[in-house]
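The two complexes that follow have chain A in common; it is paired with chain B in the first and with chain C in the second.
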Partner chain A sequence: MKFRVERDALADAVAWTAKSLPTRPSVPVLAGVLMRVSDGQLTVSGFDYEVSSQVTIGVQADSDGAALVSGRLLAEITKALPAKPAEIAAVGTHLELVCGSARFTLPTMPVEDYPTLPSMPEMAGVIDASTFAHAAAQVAIAAGRDDTIPMLTGVRMELDGTTLSLLATDRYRAAVREISWRPKDDGVNLQALVPARTLAETAKTLGPLGGDVLVALSRGGVGEGMIGFTGGSRRTTSRLLDPDFPKIRSLFPDQHNARATLSVAALTEVVKRVALVADRTTPVRLSFAEGEVVIEAGGSEDARASEAMEGEFTGEPLTVAFNPGYLLDGLSVLDAPTVFISFTTAMKPAVISPAAENGEPIPGYRYLIMPMRVGN
Partner chain B sequence: MERAHQEQDDCGCTILHVDMDAFFASVEVRRRPELRGRPVVVGGAGPRGVVSSASYEARAHGVRSAMPGAQARRLRPQAVFLPPDMAAYAEASRAVMGIFADVTPLVEPLSVDEAFLDVAGALRLFGRPTAIARHIRARVSAEQGLTCSVGVAATKFMAKLASTRAKPDGMLVVSAENALDFLHPLPVDALWGVGDRTADVLRRLGLRTVADVAEAPLGMLRQALGDAAAAQLHALAWARDPRRVSTERVEKSTGAETTFDVDVMDEDVIRRTLLALATTVGERLRKAGHTGRTVAIKVRLTDFSTLSRSRTLPTATDVAREIFDTAWHLYQVLNPGERIRLVGVRVEGLVEGDDTGRQLALGEREHGWRDAERAADAAAARFGAVVAPASLLRGAGSMNHSTNGSAADISTLVGDSNLGPDRVVAERDFDPLSDPLRPS
Partner chain C sequence: MRLVIAKCSVDYVGRLTAHLPAAVRLLMVKADGSVSIHADDRAYKPLNWMSPPCRIEEAPGVWRVVNKAGEELRITLEEIFHDTSHELGLDPGLVKDGVEAHLQELLAAAPHTLGEGFTLVRREYPTAIGPVDLLCRDGAGATVAIEVKRRGEIDGVEQLTRYLDLLGRDPLLAPVSGVLAAQEIKPQARVLAQDRGIRCVVLDYNTLRGIKRDDLTLF
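What follows is the complex of A and B.
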C-alpha cells in the first residue's frame, strides 16, 4: 500500500473514525483504524462491535493494500502535520508517513485480525442532513446518561410514513421532535431505539456536510438489530438497544391552563445568572404573573438571587420550580427566538415549545420538564 | 495496678486513649453484683449471634468479642450468657463521656466505650497528663463503678497501643523517647490499618515486626501496598501519626444490614429483605431530616467474601421506595449467583434534607411514595409501627434483622379488620418507572 493524500482530507477522515474508537478496547486491534486503498480510494474504518464508522476519500494511489495502526496516535499525528500533501506507505510491519520535512514510522497490527465491519442494513429512506442534525440534538439532550435503566439512554426513532419522530426521556424530562422525511416506502412503519450518544454524534458530523442522510434500517434479514446512516462519503452503523420504550407522548398534557411567552435569549441569560447561587440539584423558582416573571434561587440560609423580566402570561399566577440545568437544556436546543412555557399546575409537567418572533408557534418540537417540589 | 514505667517522662504526651474494660459485661456485673468474679458473656444468642463482650473471667478461657456464640458456649459452658441491653450501655457510655468532657472539650468518641482525649489545654487546670489519666480513672471508678484503661502518648496511634497494653484497669505512658523502643518489637499487625491481608503481604516481604517495616526501603513498600498505604505505614512505624483529636463527627451515611440465620439463595427472600432494609433506612433518614444521593448495597457470600456496589441518584432521596428500587437494581446487576449470608443497604452523601427541592419524575403522582411513607411515619408515631410494605406482611422469611446493634422492627399487620392489607401502603411490582412510563 502506497499513496499520496491531502493533509486536511486525511486528518478529517482519521479524526472522525478515531472518535468512535473505544478508550479501553477489549482486544488491541479495536484500538486501530484500518486504512485500505483500492481504485484510487482510501477507506478509513473503525469498529468497536457496537458502532462502526467508515469514510472514503480520493487519493493518488501507487499501490493498493491495507494497514492497521493505532487510531489515537494517527489522529494526533495527522492533526499536527503541516499543510502539505502526505505520503503514506506500508513497509513490512510499519507504516511510514512523510509530510513536508516530517517523517513518522508507526508499528502496524495484523490486518487479518481485524473484524469485518457489519454490512449496511436495507435503505429505509432519506432525510435532509441539517434537519436531521438539529432534530437529533434537540432530542438527545433529554436522554438518560447513566445506565440504571438502559432503554432511557436511547433515542426512539419512529418511521411512520413520511413522518420521522425522535423521542427521548431520562424520567425527569422528555423531548419529542417530528420531522418529515422521504421514506423508500410510503407505508413504512418501523421503530428503533438508537443509543443517544451515537445518534447525536453521527448527526452532528453529517449535518455540516449538507445534502441528504440515508437511513438504513431493516425489519429482519440483513442488518437485524442495526441502524445505519450514510452522508457524503461517511457511513456509520450502530447496534440498536432493546426496542422497549415508555409511552412518552401520553405524558404531554392535552391542554394547558396557563402559558408564558418569553424571549429565549433573555430567559436563558436570567436563569443562568440566578442559577449561580443554585447547585446542580437545587431549583430555580419562576413566579409568573401578568406581564412579568420573577426568577429566584437559593435558600433562606444560603446565597440568594432574584431577577424579574418582562413576558406575556395568560392564566392564574403560578410559581413553579425547575432544575436549572433541565430548563437551560430545553432552551438551548429550541432554535427559535421565542419560547412558550405551558402549564397545567405547578406540580405537573411543563411543556416548552418554540415560537417565532411574532409569537406564531413553530410546530414539531416539544420539551417536557417535570418540576421540582420545594418546601414539602 | 499501674505499670512500673508509668512515672516516666510524660512531657508532650497530651493524647489520652481511654478504653472501658469489658464494657457491656462490666455494666451487667455492676447491676447484678452476684455475677462478680464469674464468667459473663453478653450477646451470642441465636444460631449466628456473636459475642458482643466478655468479662475477663470468660476471656481467661478464650472467649473473645466477635466470636460465634456457639463457640463461646463450648469454651465456657458455665458462663452466664446475657442478651445485650443497649439502652443501659448507652446510658453508662453517656455518663463516662461526660466525665471526659469535664476534663477537656477535645473528646473524640470512637465507639460507646472508647475515646481519644487531647489534654494539651487541660494541663494548667489538672496537672500533668499522668495526673489527668489517674483523675479520670478514679472518677470513672468512683462515679460509675466501672474500670477503664488509659494510654498516654504523644500521638493517637501510640496512645491506643498503650491502652491496649495497659488492660485491664491500668495506665501506661509511652514517652516520645521511648516510643520506638515500645513500638518496634511489636508484630506488624499492631500497626493501624494492617489487617490479615496486609500482614500477609508484609510477611511475604520478610517483614515481621514493626522495626522491619520501619527499616524497609519505602520503594519496596510502595510497590507492595501502593503509595498512600506505604507512606502511612512507614510513618506509623516511626511512631509518626499526624491525626488530631477531632470532635466533629458528621454522620455521612445511614445503613442497615441483615445476617440470615441460614444462607439464602431465593431471590424473593433477598428482594423482600432489601425492601425491609430500605424501609428502615428511609425511616431513619426522614427521622433525622437527612437525604442522600448515593445508594449502596453490601452482599456477603457463604465464604465471607463481601461485594459492594453503589449508584448515585440524580437527586437526594429519603424515600424507601427509591432506595429499594436502586438497591434491587444494583443487586440484580451484581447477580451473585451464590448463597448469601448477609445483605445491607446504605445511603451515603447525606445532606440536610428539607432545604433542597426534590426533583419529581415524569408520571410520578403528586402524592407518591414519599407522602405515603411520611403518612406511615405519622401513623407509626401515633400507633406504633403499623404500616409496612405489603410484601413484608406475609412474613419476610427467616430474618434475623439486626441493624447497627439495635434491632429494627419490621412489624407485620395481619388479620386486623380495620387496617387490612388493602389499606396499608401497597407494594407494586418492581417497575423502574411509574405507571404512565411503563414500556409500550
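What follows is the complex of A and C.
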C-alpha cells in the first residue's frame, strides 16, 4: 500500500473515524483504524462492534493494499501535520508517513484480525443533512445519560410516511421533533431506538457536509437491529437498542390554561444569571403575571437572586419551579427568537415551543419539562 | 494493643521532617508493630504515625520507631500517665451494610428487573465453588446465572465467569448465560463482561425497594 493524499482530507477522515473508537477496546485491533486503498480511493474504517464508521477519500495511489494502525495516534499525528501533501506507505510491519520534512513510523496490527464491518441495512429514505443535524441536537438533549433505564438513553426514530419523528426523554423532560423527509416508499412505517450519543454525533458531523443523508433501516433481512446513515463519502452504522419506548407523545397536554411568550435570548440570560446561586438540583422559580415574569433562585438561608423581565402572559398568575439546567437545555435548542411556555397547572408538565419574532408559532418542535417541588 | 497516654514530643525524620511539640497525647502500638500518635480530636486520623512493617526501639524516655526505608519516628516521653496492653484477638472484619444481600432478595422477588420473562429458580444456587447469587430462567426457558454486586468490578465478572464455566458443564442447565447486576458498573468491568458475553444490568436500589424519588417525573 502506497499513496499520496492531501493533509486536510486525511486529517478529517481519520479524525472522524477515530472519534467513534472505543476508549477501552476489548481486543487491541479495535483501537485501530483500517486504511484500505483500491481504485485510487482510500477507505478509512473504525468499528467497536456497536458503531462503525467509514469514510472514503480520493488519493493518488501507487499501489493498493491495507494497513491497520492505532486510531488515536494517527488522528493526533494527522492533525499536527504541516499543510503539505502526505505520503503514506506500508513497509513490512510498519506504516511510514512522510509529510513535508516530518516523518513518522507507526507499528501496524494484522489486518486479517480486524472484524468485517456490518453491511448497510436497506435504504429507507433521504433527509436534508442540516435539518437532520439540527433535529437530532434538539432531541438528543432530552435523552437520559445513565444506564439505569437503558431505553431512555436512546432517541426513538419514527418513520411514518413523509414524516420523520425524533423523540427522547429522561423522565424529567421530553423532546419531540417532527421533520419531513423523502422516504423510498411513501407507505413506510418503521421505528427504531438509536443510542442518543451516536445519533447526535453522527448528525453533527454529517450536517456541515450539506446535501442529503441517507437513512438505512430495515425490518427483517440484512441489517436487522441496525441503522445506517450515509452522507457524502461518510457512512456510519449503529446497533439499535431494544425498541420498547414509553409513549411520550401522550405526556404532552392537549390544552393549556396559561401561556407565556418571552424572548429566548432575554430569558436564557436571566435564568443563567439567577441560576448562579442555585446548584445543580435546586430550582429556579418563575412567577408569571400579566406583562412580567420574576425569576428567582436560592433559599432563605443561602445566597439569593431575583430578576424581573418583560413578557406577555395570558392566564391566572402562576409560580412554577424548574431545574435551571433542564430549562436552559430546552431554550438552547429552540433556535427561535421567541418561546412559548404553556402551562396547565404549576405542578403539571409545561411545554416549551418555538415561535417567530411576531409571535407566530413555529411547528415541529416541542420540549416538555416537569416542574420541581418547592417548599412553601 | 498497647495504649500509652503520655506527655511527649515527636520528630519524624524521613522523606520530609515534621515536629510535634510536647503535649499530652495517646500513643497506640498495634500488634502489627505500627505506631500512631493521636490528639484528643478527630475520629481516625493520627497526628503522626508509622505504618508496618517497622520496629520499635524503646529506651528510657525515648522511643525510636524505624521502618525499612530508614525513616524514623522519634517519640520523646516526658511523663507517662497511663500504659496498658490488651489482647484483642482476631478481628472479624468490617461487615458492609448488607445492601448486596438486600439487592439479591429484592431481585429474587422481582426477577423481571433482570430481563423480560425472567423467573427465579433459586437464590444462592449451590455449585462446587460456592453459591451463585441467583439462578433464573429467561422467557425462553434458558438458564441464566446472576451475580449481584453493589459495584460491578472486574472481580465480579471473573467470579461469574467461573460459575458460568462450572454450571455450563451441567447438561440439565447448559447453555447458561450470565448477567452482572450492580448499582454501578465500572467501565473496565463492562468491557470485560461484554467480551465474555455477560450482560450488564444497572440496578436502582431505591426503585427496587419501592422508594419513590422525591423529585417529580413525567412518568
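We adopt the following convention: the second predicted complex is superposed on the first by the 375 of 376 C-alpha atoms of A that agree within 3 Å, B and C clash if a C-alpha of one lies under 4 Å from a C-alpha of the other, contacts with A are read in each partner's own complex, and residues count from 1 in each chain.
FYI, contacts are C-beta pairs under 8 Å (C-beta built on N, C-alpha and C of every residue); 3 or more make two chains touch, one makes a residue touch a chain.
Everything numeric here is computed off the predicted structure, so don't read it as measured data.
Chemist: Looking at the superposed three-chain arrangement on chain A, would you call chain B and chain C a clash or a fit?
Modeler: Clash: chain B and chain C overlap once superposed on chain A.
Chemist: Could you look at A:148 and tell me whether it touches chain B, chain C, both or neither (first, second, both, neither)?
Modeler: both
Chemist: Once the structures are superposed on A, label A:26 by its partner contacts, choosing first (chain B), second (chain C), both or neither.
Modeler: It touches chain C, and chain B stays clear.
Chemist: Can A:368 be said to touch chain B (first), chain C (second), both, or neither?
Modeler: Once the two structures are laid over each other on A, A:368 reaches both partners.
Chemist: Looking at A:82 after the superposition, I want to know if it touches chain B, chain C, both of them or none. Which is it: first, second, both, neither?
Modeler: Touch status of A:82: no partner.
Chemist: Once the structures are superposed on A, label A:317 by its partner contacts, choosing first (chain B), second (chain C), both or neither.
Modeler: A:317 sits against neither chain B nor chain C.
Chemist: Residues of chain A touched by chain B versus by chain C: which partner has the larger set?
Modeler: Of chain B and chain C, B contacts more residues of chain A.
Chemist: Counting only touches as set out at the top, which of chain B and chain C does A:107 meet: first, second, both, neither?
Modeler: Neither chain B nor chain C is touched by A:107.
Chemist: On the A-aligned overlay, A:172 touches which partner chain: chain B = first, chain C = second, or both, or neither?
Modeler: A:172 sits against chain B and chain C alike.
Chemist: Taking the two structures together, which residues of chain A meet both chain B and chain C?
Modeler: Chain A residues touching both partners: 146, 148, 169, 171-174, 246, 248, 251, 347, 349, 368, 370-373.
Chemist: In their shared complex, at which residues does chain C touch chain A?
Modeler: Result: residues 185, 187-188, 191-192, 194-195, 200, 202-204, 207, 214-219 of chain C touch chain A.
Chemist: Residues of chain A touching chain B in their complex?
Modeler: Per the touch definition, chain A meets chain B at residues 146, 148-149, 151, 169-174, 244-248, 250-251, 281-283, 299, 301-302, 321, 323, 347-349, 368, 370-376.
Chemist: Help me check something: in the complex, which residues belonging to chain A touch chain C?
Modeler: Those in contact with chain C are residues 22-27, 146-148, 150, 169, 171-174, 246, 248, 251, 347, 349, 368, 370-373.
Chemist: Residues of chain B touching chain A in their complex?
Modeler: 293, 311, 314-316, 326, 329, 354-364, 366, 432-433, 436-440
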